[in-house]
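The data blocks that follow each hold one structure.
In the two assemblies presented below, chain A is common to both, partnered first by chain B and then by chain C.
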Partner chain A sequence: MGMQPTAATECGVTDLLEHILDKGLVINADLIISVSGVPLVGVNLRAAIAGMETMLKYGVLTDWDKQTRDWERKEREQKRGAREPLAEGEQVLLKMFGSHWFSKGIYRSWRPGHLYVTDRRVFLWRNSPGEMLMDIPYEMIKGLAMERKTNVAKKETDYLYLLLKDGEVAQLHPTEASVVKEAIEGRMKELGLELEEKPTIPSLDEYAAKFLTPGEGVTNSCKMWYLMTLPSPGGTTSDQWKSGYLYLTNKRLLWYYDFDGKVVWETPRDNLIHATTQLRDLGGMLKEKQVLNVLYKTESGNKVACFSGTEDEMKDWQDALTDVIRQRSEPLPEDWETCPQCGAKAPREKLLKEGCSVCGWISPRLRRNI
Partner chain B sequence: MCAVVHNCPTEPYQSDNQELVKGWVRTHQNVLDAAIEKFGTVLPLGFDTIIQGEDNTDPKQQVKDFIKDDFENLKEKMEKVRGKQEFGVQISYDNKAMTDIVARESEEVGKLKEEMASQKPGMAYMYKQKIEKAVKGELEKSAEGYFKDFYGGIKNHVDDIKVEKAKSERDKTMLMNLSCLVLKERVEDLGNELERIDYMNGFSVRFTGPWPPYSFV
Partner chain C sequence: MALDIDEDNLKHGTLGLVLALVEIIRDTLRIESFKRMEGGSLTDEETERLGQALMDLDIAIEEIKEEQGVTESVRAVRDGLDDIVDDVVDRTINPDRWRDEADEQGI
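Coming up: the complex of A and B.
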């Protein structure tokens, strides 16, 4: 007595559907009803079946096991999987999920990918769409430092800084910073490359560290002139352009005056009304300069704050602030979502495909695909 | 040659009501079962295959014309499935059991484990990664071996095989999902072969049917 088959009538409905919907004799499409050119068979019952399937123990139709279905395809996929651009003979010592802090112009964001420590360099690669997010040969590295910080999601994690010989700092947020650090140190020792013993962590943004409140994260920042109102002799005031830094965080817009070491002007994001740029003479030699006028609400009525920087930055700031205002005043567009970790708003597609640029959150699916 | 039909509007069957849809597909299957019992060899059609009468022609006439025009082709198909039945064979392995076996038996994994024992805690992470990768590689290798072994064994007892998409569950991986066309007198042989596989450590077999020869028409 061998194994006895389970009769078709006793099989679950999934087995039945699989046979009845997708298979059977195919007859001339001219003869049968079709929906937009697709022969009808099985097409229009999908909705009801999708619900059924999830209820059934026997898996979901879309969760195909790619390994065993088709050996040729497997081969192809293995080839495709090895896309990280390794040089001939380059050996991967460690591969780990991680993010790299990207900062260009006024934009900043965490960009997730896979961190590779190889026998010759450290790089961060994202698979889809394929892009090299960071690429540093060991010869460039001057020192390593680790810091335990509370991220935007109010979780304590370790950050790893690669201090480079050109004075730049690469900020990394790997799953396990200590392991990455150890791997880099080990390899550099093997290569006979020196590392600074106890490098001082450069203050990446020492100003921001002073004013950020718990749960607050910087989304944009850059050097910026601000038209400051100063007391003048005789009880009057005068306006003067001062150099400092403009920051947009997930809570407020503020201008930090490094000369005094404090925040001189700020407004909650919710109080922003309007942002425009115009050409203005700033006095002296500074003629026809781009000025960013920010209209905002205060308890004593609406006020304007004026900032000035390079032409490109002004345009970027106007866009960034206009986005803030639009998102607040209009209901979120349908395809926008809030980040489940920090609450920042972004188009759903972007959030799902690239992760949250503010706190570095990424969806589990993206984590798998990266 | 004849066709079993029923009269319905030329509208696709459509409903979000699961019970209703289940009822429809069960009825479809029951009709096929009855037809097989009465006529023996049947070419099954998919659910919702609705013939429409073109330009006021009678749909019944369309069916007759279709059988007449396609007679040779249909006859050939019937010859292929005559005296045979379709069976579903799904072979899965338990992920944990299989991983354990592979990890225990692989030389490479054993060597890595030994090396890991003498590493500093930080480097141990890298070894853990290496071991996981090695186990995965071994698992794929042995899955390939098992697939070829089982496929070869099953092939001997069947008339035709279709490799269907495999669907895996959380803790079980489906190694193969086959539709097999089997001569009635060979079904027992196939059952014996499957029993051998079902007894193997970590593997389970699902054997369903007989089905109308859906996959071979």
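Coming up: the complex of A and C.
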């Protein structure tokens, strides 16, 4: 008997599944459950099962695939980022909870994290999401200064200022400012770096220092054009755009004219009615510029003040002023809360996850995470 | 294939069956994962992670089989299942066999 050819259809469970998943399987079924010939429940089934690669090939579930993987990646990045980025061989001398005053354009807020004093530098690190909030090598530090201030919650706390050689000032609010100061001083002595004796704390905002009344603090400020009404010959008036600074404090909104060195326009926060932005030609080359119109109450009726700056700033200001007006005039929106420390109002989520942007308060849970 | 589970071989039978199914799922996942890797949409890091996870799963399953001494039972169940599938597929794609079978049974 000669050899018999055999069909090699050796096929296991996994091979079968592989084939099914590779090609994909579509089930389309209509089902009726009836009792005594009376249909009671109807089921219309459409199911497609296939390997993910096959699904993607046919453009099914692509968004979901991407989202799932992106989400996972973000989670992992956050977890990975949860470690403070220490250089090799860098030693941590002191670690303490603290916040750093961050100010950029109109955005100003206390950003909380962990303050590290290492053998090389001082930095503030936030764990989730991992971000370096401040990073200063000792070589940059010119002097240290501490100031006891009453914070918004009417409590006395110490603030630590790192005066830097480039003229900048880093404002820190650690749990124990004096301990941090000693640690930095000690380490800089070891490194043979000199610190100024009794440095003067430069006013962080020279203009604001001139007009702020006791208990008043700046919440927003930026360079801004203002449409000023000037007397012109012949007893009439004319409007001219002037460059200055717009400040929002906890008491009023004001425009400071640095050329004259005085506040030219102001209105109490309570008198603000409405803030809108619009595109306007400002004359000359300034066509189609964003203008912020602020409607406010005065004794002689409602008036409008016009400001102009960059587009982003206009939007920020509109939002900031709208917030002021809304906080005053309306009961809190449902998902808003007041900060337990200073009473500022903010969306609950924001307050819990990012802390209070006004006084730097952060929730105990967030504190643990950081 | 007959799977006899009684009081004496309760563990071997049940655990063997369960592990055989787990192995089949694992094999299927592995094949799909290869396809995804070849598909090219995964990043290097994802590929790395996927490979690591499948390897860990392999080790875990092997460990359980060793620990419980059910390696043979699992093998038996899988072989049995493979045979059944083989048989079914063979018959499905070769209608001739129906006739042969019918002939054999004298129908």
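What we mean here is this: the second predicted complex is superposed on the first by the 225 of 370 C-alpha atoms of A that agree within 3 Å, B and C clash if a C-alpha of one lies under 4 Å from a C-alpha of the other, contacts with A are read in each partner's own complex, and residues count from 1 in each chain.
In the analysis below, contacts are C-beta pairs under 8 Å (C-beta built on N, C-alpha and C of every residue); 3 or more make two chains touch, one makes a residue touch a chain.
Please read all numbers here as calculations on a predicted model, not as lab measurements.
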Partner chain in contact with A:V304 - chain B first, chain C second, else both or neither: neither
Touching partner for A:M132 - first (chain B), second (chain C), both, neither: neither
Partner chain(s) touched by A:K95 [first = chain B, second = chain C, both, neither]: first
Larger contact residue set on chain A - chain B or chain C: B
Chain B versus chain C as contact partner of A:G24, first or second or both or neither: first
First, second, both or neither for A:G186, with chain B first and chain C second: first
Partner chain(s) touched by A:L16 [first = chain B, second = chain C, both, neither]: both
Partner chain(s) touched by A:A87 [first = chain B, second = chain C, both, neither]: neither
Residues of chain A that lie at the interface with chain B and also at the interface with chain C: 7, 9, 11, 13, 15-17, 21-22, 51-52, 65, 69
Residue ranges of chain A touching chain B (in the complex, touch as defined): 1-9, 11, 13, 15-17, 19-28, 30-33, 35, 40-45, 47-49, 51-52, 57-61, 63-65, 67-71, 93-96, 176, 178-179, 182-183, 186
Of all residues in chain B, those that touch chain A in their complex: 10-18, 21-22, 25-26, 28-29, 33, 43-52, 54, 62, 66, 70, 77, 87-88, 120, 122-123, 125-126, 129, 140, 143-144, 147, 163-169, 173-177, 187-195, 198, 205-212, 214-215, 217
Chain A partner contacts - residues on chain C that touch it in the complex: 24, 27-28, 31-32, 35-36, 38-39, 41-43, 45-46, 78, 81-82, 85-86, 89-90, 93-94
Sites on chain A touched by chain C in the complex: 7, 9-18, 21-22, 51-53, 56, 65, 69, 73
